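Before I ask anything, let me first share the structure, which is written out below as structure tokens.
Lettered A, B, C and D in written order, each chain numbered from 1.
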Amino acid sequence: MELALIGLGKMGSGMSRRLLKQGFRVAGYDVNPGAVAALEPEGLRPLKAIQEVRTTLTAPRIVWLMLPAGTVTEEAVQTLGEVLEAGDLVVDGGNAFYKDSMRRAAWLEARGIQFADVGVSGGVWGERHGYGLMMGATAAAAARLEPILKALAPAPDKGWVHVGPVGAGHFAKMVHNGIEYALMQAYAEGFEILRQKKEFRIDLARLAEAWRHGTVIRSWLLDLTAAALAEDQDLEGVAPYVPDSGEGRWTVQEAVDLGVPVPTISGALWERFASQQEARYAYKLLAVMRRAFGGHAVKRNEG
Amino acid sequence: MELALIGLGKMGSGMSRRLLKQGFRVAGYDVNPGAVAALEPEGLRPLKAIQEVRTTLTAPRIVWLMLPAGTVTEEAVQTLGEVLEAGDLVVDGGNAFYKDSMRRAAWLEARGIQFADVGVSGGVWGERHGYGLMMGATAAAAARLEPILKALAPAPDKGWVHVGPVGAGHFAKMVHNGIEYALMQAYAEGFEILRQKKEFRIDLARLAEAWRHGTVIRSWLLDLTAAALAEDQDLEGVAPYVPDSGEGRWTVQEAVDLGVPVPTISGALWERFASQQEARYAYKLLAVMRRAFGGHAVKRNEG
Amino acid sequence: MELALIGLGKMGSGMSRRLLKQGFRVAGYDVNPGAVAALEPEGLRPLKAIQEVRTTLTAPRIVWLMLPAGTVTEEAVQTLGEVLEAGDLVVDGGNAFYKDSMRRAAWLEARGIQFADVGVSGGVWGERHGYGLMMGATAAAAARLEPILKALAPAPDKGWVHVGPVGAGHFAKMVHNGIEYALMQAYAEGFEILRQKKEFRIDLARLAEAWRHGTVIRSWLLDLTAAALAEDQDLEGVAPYVPDSGEGRWTVQEAVDLGVPVPTISGALWERFASQQEARYAYKLLAVMRRAFGGHAVKRNEG
Amino acid sequence: MELALIGLGKMGSGMSRRLLKQGFRVAGYDVNPGAVAALEPEGLRPLKAIQEVRTTLTAPRIVWLMLPAGTVTEEAVQTLGEVLEAGDLVVDGGNAFYKDSMRRAAWLEARGIQFADVGVSGGVWGERHGYGLMMGATAAAAARLEPILKALAPAPDKGWVHVGPVGAGHFAKMVHNGIEYALMQAYAEGFEILRQKKEFRIDLARLAEAWRHGTVIRSWLLDLTAAALAEDQDLEGVAPYVPDSGEGRWTVQEAVDLGVPVPTISGALWERFASQQEARYAYKLLAVMRRAFGGHAVKRNEG
């Protein structure tokens, strides 16, 4: 079976390798030629431009995007809409907003091109352990993609699901990431409490390792956390800065649209926002308010 | 090796069986004689009263409590303080507040009796899979308990940890449960969003099952959730009522004492509180405030 | 000075009266003829349709909308875009989303028609005490509207502000309402704590009344709350149901877009959402999870 | 009427002046002799030690404490318990935890000494405008204190209330401050959103000033905020650091005890905690978790 993978970053390259190892013929493109070249020894057919999918693959084609959400994905879809033929199938495996995916599907469909949105989870570990995959697609497109999903997933019958129509895949992945934010924050709060309880001098690495077995809170995130703490539990060189990608934000905004209370998912998002700001205006204003009514001194910035 | 288990409920009976199967001599007491009788065929030596630990066990004794936190545990410790001899060791495996454990340890120590607090996680699954165990104890007490922990844990070298001095075990278990509250709430929020997105008609059971493999959010709680959803994802007969035990509350109160922000753990706790109230005063008052400034009609109670 | 008011509900009728009393010539329209008729004795010139603004007012006209946000406002703007002439000025005093206002302004501007968005606060009390007004408009439009704002405001130099360009008025009003949600929730939480502290048998009405004077938390919302509690502090007939309008939701979504942590505003919104649902799926799922790991009984729905 | 004021800081000195101006005979003590000396020209009778209340005042005496909660108040009560006579009355006007006040009342009562807890709000403005006062006391003690409360309050019939038995005054003040935290945070969030919306270049000082009149969110805190913003809305020299005193913490802990959800009060408290920490461990751990599963680079600390 044949497909092209557009975008050979951390996720795309791992997926290429997993597919190549299972006998898929994979053509690949990346804006960075080095990423393409690195996979050639493993059997990847190199593409010099997205447009080459037309000549390199045999129709009906499958082109799977693993690109940053937003402009990059938008432009790739535009290009494919012009290059591909009716009957071809575009898959967006990136983290696009599900409404964008629905719009792109409609635009491609008007050209006779199929579209599927497949949320892909698993990070850098997916290549070895298999990826979690959530697909939004018509029944026809889903049937075509099934062999690929079975190969990418941890096992042919595990870890992939046809969630619903186009859009549902990225919707499910968005919620997955929203949950992920809150799970991470939950552990982070717990470990901060333990660390602040200085009188007990708790070895967080040993505790996290023990928690991995037999407890109610065991999880893959805890496995990773335990490994990280085992390496360094003081984290002195690490900046207290937590980026956020689109999905946590979208999850909260969708929850608002749907009228669903999401205290932990939003709580986790606010914490990330807070970590990203060095001198929060809200805090300054609170300090000034306290001074105004109580005469409390305000701490001044140094320098 | 020999010990007595006081309290043979869901946790205590499972632990008894796990220990008996591994060749421990276990004496057992429960306020409910049926719970004792049920374990006799499996080798449990029955106790008719807590006081019998004195005559049934050989000194130095180990008496392990698996009782509800609060009065019941308090009274049992009092009784043991009077019945046991110097050199005996009392273990509280229940969910006591760690400061109570520290107080009890000091009281027993004045009588020459050792004390250890061991948080036990794993629920009804622990008997088969092993329990997660977090011990607070002196080095001497810890050494005495090690064989028991190794037997109760999923494997001799996994799932148990000597966290620190007396109190540290229950402290770690408290934080474990605080994290647990937030993890559960995270999943609950995610699944509620998915369910409210009616247009996608997402099969939550299939999605949860797929999420168990390869995704970042896989966990034991997700395993259980997937199983529960597979059985019934509409949950129509289930009342929207979530009890809380002490540990979620204590975790938030400790976080306050330590100055640690816990938005997800507290968010999860507030949700449980909210689920427990049928006619929240705060909501009524908000409705009345809206009427007061905006002339908005207030919904009236029926009947 | 002359203007037309479209929409004579609680807000629009109060504003009409306030303007009529100060000598403005006000034409008025409402989908409900009774609302128009009720104001005729006070000097309102009745309009039978929005289109009549063209013939009733002298150019350049000012037409002020006080309509529900969404479709109703959209259609009114469409109508005015077709009916009005270059140089006329449309004001939206409703609670539209600021991006809709910006879009409408651009659409009208293409027809030579000016647009201003004016957030109006004060509820049913504004007629007597004056309204708080936040205007988004060009300098030219702002200058034209100044006399009206001065008349609607509590005093000519108080309670109105030209916030910025088109959109800024509704943006400021949106944030105002977001703050309002959190303020209301803050009081509601406090009073619920006081009420739950049953041993002190606190008279909430007397306490709220005392708090109105001299304390740090005195406010207009507290004035209203005290009045409501004085009337009935048990609120037995009041359903625990709190509606939400668009602005609380938009504020949270904007905060997400801007990367601003809003724990209290979002917390207040989640509470309103929670109040609106009778049998939350999230709670049911949490109950089922607890059963799954701990064997805890689940409360069943009655009937 | 005669009383002694112990503690002549910002609050105590303002109260002394307000009482002296209304003809009360006030004796005063402060650990800082300068604070006593400053009030002598206004009529304060200076005390060189707390013990002098015995000889300076005529029995039955009233001694009003305005001291920092905790050890300082505890020691003063101890001293007074030894110095005073049956029939004397000790008032704690500071911000003590209500359970401490109940304990102290019981201890004093055993010596025949009365006790009342009076929460005092109003900050540095109280001297001029009057204080908000919440009293917990027996009917007898309340009757004795009534003239003093009437003098301290904004008006004899406004701003003071006998909330309930001993403890109820400090309980009400605690909740008052919890509400205050959330109100402040609500405004801070709103203003931060406005400020981040850079395209509108909103003048926060002018907007805050306008909001003071006619809007639903007008309040005394907003008055102060507007004044502060008028002086400096960039707040560049202000450190983003917000202290917290005991009451916000106690309010959350009490809410936990009472099972009352307090998302906004706790949200405000977590924000203050977060502002107090320079390099939050939770954020570092989140950054490390992201690296662990996604290979995301971690920002390093500089230097």
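For the reader, a short list of remarks on this structure follows.
Here is the rule we use: contacts are C-beta pairs under 8 Å (C-beta built on N, C-alpha and C of every residue); 3 or more make two chains touch, one makes a residue touch a chain.
Given the structure is predicted, the values throughout are model-derived calculations rather than measurements.
When each chain is reduced to the average of its Cα atoms, C sits farthest from chain B. Residues touching across the chain C-chain D interface largely coincide between the two copies, over half of the numbers being common to both.
Chain B and chain D have Cα centroids separated by 38 Å. Spacing of chain C relative to chain D, judged by their CA centroids, is 33 angstrom.
Note: centroid distance chain B to chain C, computed from Cα atoms, is 47 Å.
Each of the following residues of chain C touches two or more other chains: 123, 185, 187, 189, 192, 196, 216, 220-221, 259-263, 267, 270-271, 274, 282, 293. Against chain A, the residues of chain B that register as touching in their complex are 121-123, 126, 129-134, 136, 153-155, 158-161, 163-165, 167-168, 171-172, 175-180, 182-183, 185-187, 189-190, 192-194, 196-197, 200-203, 206-207, 209-222, 251, 254-255, 258-265, 267-268, 270-271. The touching residues of chain B, when paired with chain C in their complex, are 10, 123-125, 184-185, 187-189, 191-192, 195-196, 220-221, 224-225, 227-228, 235-243, 263, 271-272, 274-275, 279-296, 298-301.
Across the interface of their complex, chain B is touched by residues 216, 249, 252-253, 256-257, 259-263, 266-267, 269-271, 273-274, 276-277, 282, 293 of chain D.
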